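Following: one structure in structure tokens, then a few remarks.
Residue numbering begins at 1 within each chain, and the chains themselves are lettered A, B and C in the order written.
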Amino acid sequence: MNLYKFSSPVTFYPLAGKMWPWFATLAGVFAVAGLYLGLFVAPVDYQQGEVYRILYIHVPASVIGMFIYLVMAGYGVLALTLNTRLSAMMMEALAPTGALLTVLALWTGSLWGRPTWGTYWVWDARITSTLLLVFLYVGYLALIHAIEDKRRADKAGALLVIVSSINVPIIYFSVKWWNTLHQGSSVSLAGNAIASPAMRWGLLLMTLACWMYAIAMTLVRVRAIISEREQGAAWLEGNKV
Amino acid sequence: MTLSVTGLTLSRGPRQLFANLSFTLMAGQALVLRGANGSGKTTLLRVLAGLTAADGGELRWNGEHWKALCAGQRAASLYLGHANALKDELTAAENLAESLAFDGVAVPDSVQRQSLDGMGLANRHHLPARRLSQGQKRRVGLARLALARKPLWLLDEPTNALDSEGVALFSRVVAEHLHQGGMACIASHLPLDIAAPVHELVLGEAPA
Amino acid sequence: MNVVAAQMMIEPAVEVAAERAVWLAARRDLRLGLRSRAELVQALMFLVIVVSLFPLAVGPESALLKRIAPGVVWVAALLSVLLTLPRMFAADYADGTLEQLVMSPYPLPLIAAGKMLAHWLMSGLPLTLIAPLLGLQFGLEANELVVLVAGLMLGTPILSMIGAIGAALTLGVRGGSILMALLVLPLYVPVLIFGSGAVEQAMTSIDYSANLSLLGAGLLFGALAIPFAVASALRISLD
């Protein structure tokens, strides 16, 4: 199958239109299964009680949020080297979902922190890195929306994400180091050994659910972006699916 | 030396500026771009300079393919846009020296001074550029053109702020450049009187 | 006139020595910067004022001030560098000289490197030299001041370089300065952590060499890689 065939917005648009309902369905299925396992089957944590169950949203959101940024960086490389418009559009489509999931991770982390340690915010390495990731997402979105010329915005955004993603491991490492130096919170949010298989499966399924959701949302959004950019193009008029 | 453009296509948003534009420029020739405001004269010059990438088409110099801002393109072209490209804080003489330094040509100070004098800036060498009039700033640019020894000149509305004496100077400089085998692509809505073979390209019209 | 000879007269006789680009660009920016000396002094004054705000905000208790000193000086240094970043490219972009630099036969990454060097010499270096005075105001000891200066000496060039990417990407964009700060500050975090952490380790008599080595490594890596990123960003902004 010639993958290049789909690197044009023209051919990708209908493909995305057919694909996203499948991913949405998968997301729903995984979410139901994961939440069932996580909320009802997995045993109660003996230290934290029912509250710990927020982990089933917090961890997947955090993992997929980070993953999306790396995917964006990959598309960024394609956008700059191969000069494909669709790569840049995919980046633009991914960013809001990535930002949302990362913010969700922060929020659930905060909700978890309150009953567990008494504060809404804890400056541990992972949460602080997640906060910085939110800033990176916001920065990207701000940049591409501030530049009026779409071509320039695409390439500038791509360069920014590539440079930032090289920085992400450095940021993570430095924050972790900072945290150990300052002997701050020594509790890791997911510190408890994930003992029971129900917990493991619950987490895995919820992570998959987040991933499928992210794909579905991205496909829907990229269709909107394609349709906005190619406004007036003949192929679009006759092809609105 | 030959500059050849084949099948150039470029769109800016919903507007298509060029569709399959092709032409060839040979040594000693000048191409004048005409067209209404917004017809793409500046954009075409920038594509030839490599500053703007076209959507499709090819640019070749002496048969060699040019990608945007490749070394060959930068070495051979001199682009003067709307802005004067002078630093306000530097004097006329310093501006000329800096421009030539970055053009990679070594021109002795005395020759630079002579050139500025020749452009009618005799008592203005040591004035900071912010104190020069628009026309005088353009003349500093002319001095650079004359000294930089680049084969391909890409000029956007070069006579804009020049008085009639300045326009005559400009015509002389361009004619001399063409006689020496150089080539020029000039966007202008004003009439140019150059004593050399000049072709016109009118943008914004469908091909006949 | 003999056509062949005539053509040779204007064949681009450009045998550019690439390394010269760094020197040319640095000299140009330094000359321009020294002609607007007021701006340079203002950036230093900003640093001093910001640092002075903290004792006013948290009270003059010397133990507390000593504890927050590394962080305060580093954050203020970061913000001062941020303030001076637009100077690297914005004026050149506005008056058309940036395009000329991009079109120069000299390699653009080297020109960018020269500009970053000049920027550091005019902003990062002066604040590194003034930092000991500020550290003294906060009660830092001599050995701690040495670590502070060493960290700033290694870290401020990195700040100039990372900042250059942000400045280059946001040229001519409305709301550019704030946007640039938003893009650049998260990327500054590692430098901040290692730089200020080194001083804190000196204060508690722990070995700080790892931090400084990391900064040094960052500087080396940045000096090799960032000029290319900046060149790319400049071309994107001029498209």
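Quick notes on this structure:
Just so we're on the same page, a residue touches a chain if its C-beta (ideal position, glycine included) is under 8 Å from a C-beta of that chain, and two chains touch if they have at least 3 such contacts.
Everything quoted here is computed from the prediction, not taken from an experiment.
Taking the mean of all protein C-alpha atoms as the reference point, the chain centroid lying nearest to it belongs to C.
Chains B-C form the pair with the most C-beta pairs in contact. Taking the mean of the C-alpha atoms as each chain's centre, chain A and chain B sit 48 Å apart. A straight line joining the Cα centres of chain A and chain C is 32 Å long.
Remark: chain B and chain C have CA centroids separated by 34 Å (rounded to whole angstrom).
Shared contact sites, meaning residues of chain A that touch two or more other chains, are absent.
Residue positions of chain C touching 2 or more other chains, listed in rising order: 239. Taken residue by residue, chain B touches two or more other chains at 53, whereas all remaining positions touch fewer. Those residues of chain C that touch chain B in the shared complex are 1, 3, 6-7, 9-16, 24, 28, 31-32, 35-36, 91, 95-97, 99-106, 108, 111, 235, 238-239. Within the complex formed with chain A, the chain C residues making contact are 165, 169-170, 173-176, 179, 182-183, 185-187, 189-190, 193-194, 197, 200-201, 218, 229, 232-233, 236-237, 239.
Here chain B touches chain C in the complex through residues 1, 27, 49-53, 68-69, 71, 74-79, 81-90, 94, 98-99, 101-105, 149-151, 177, 179-182, going by the rule given at the top. Here chain A touches chain C in the complex through residues 80, 132, 135-136, 138-139, 142-143, 146-147, 149, 151-152, 155-156, 159-160, 163-164, 167, 170-171, 173-175, 177-178, 181, going by the rule given at the top.
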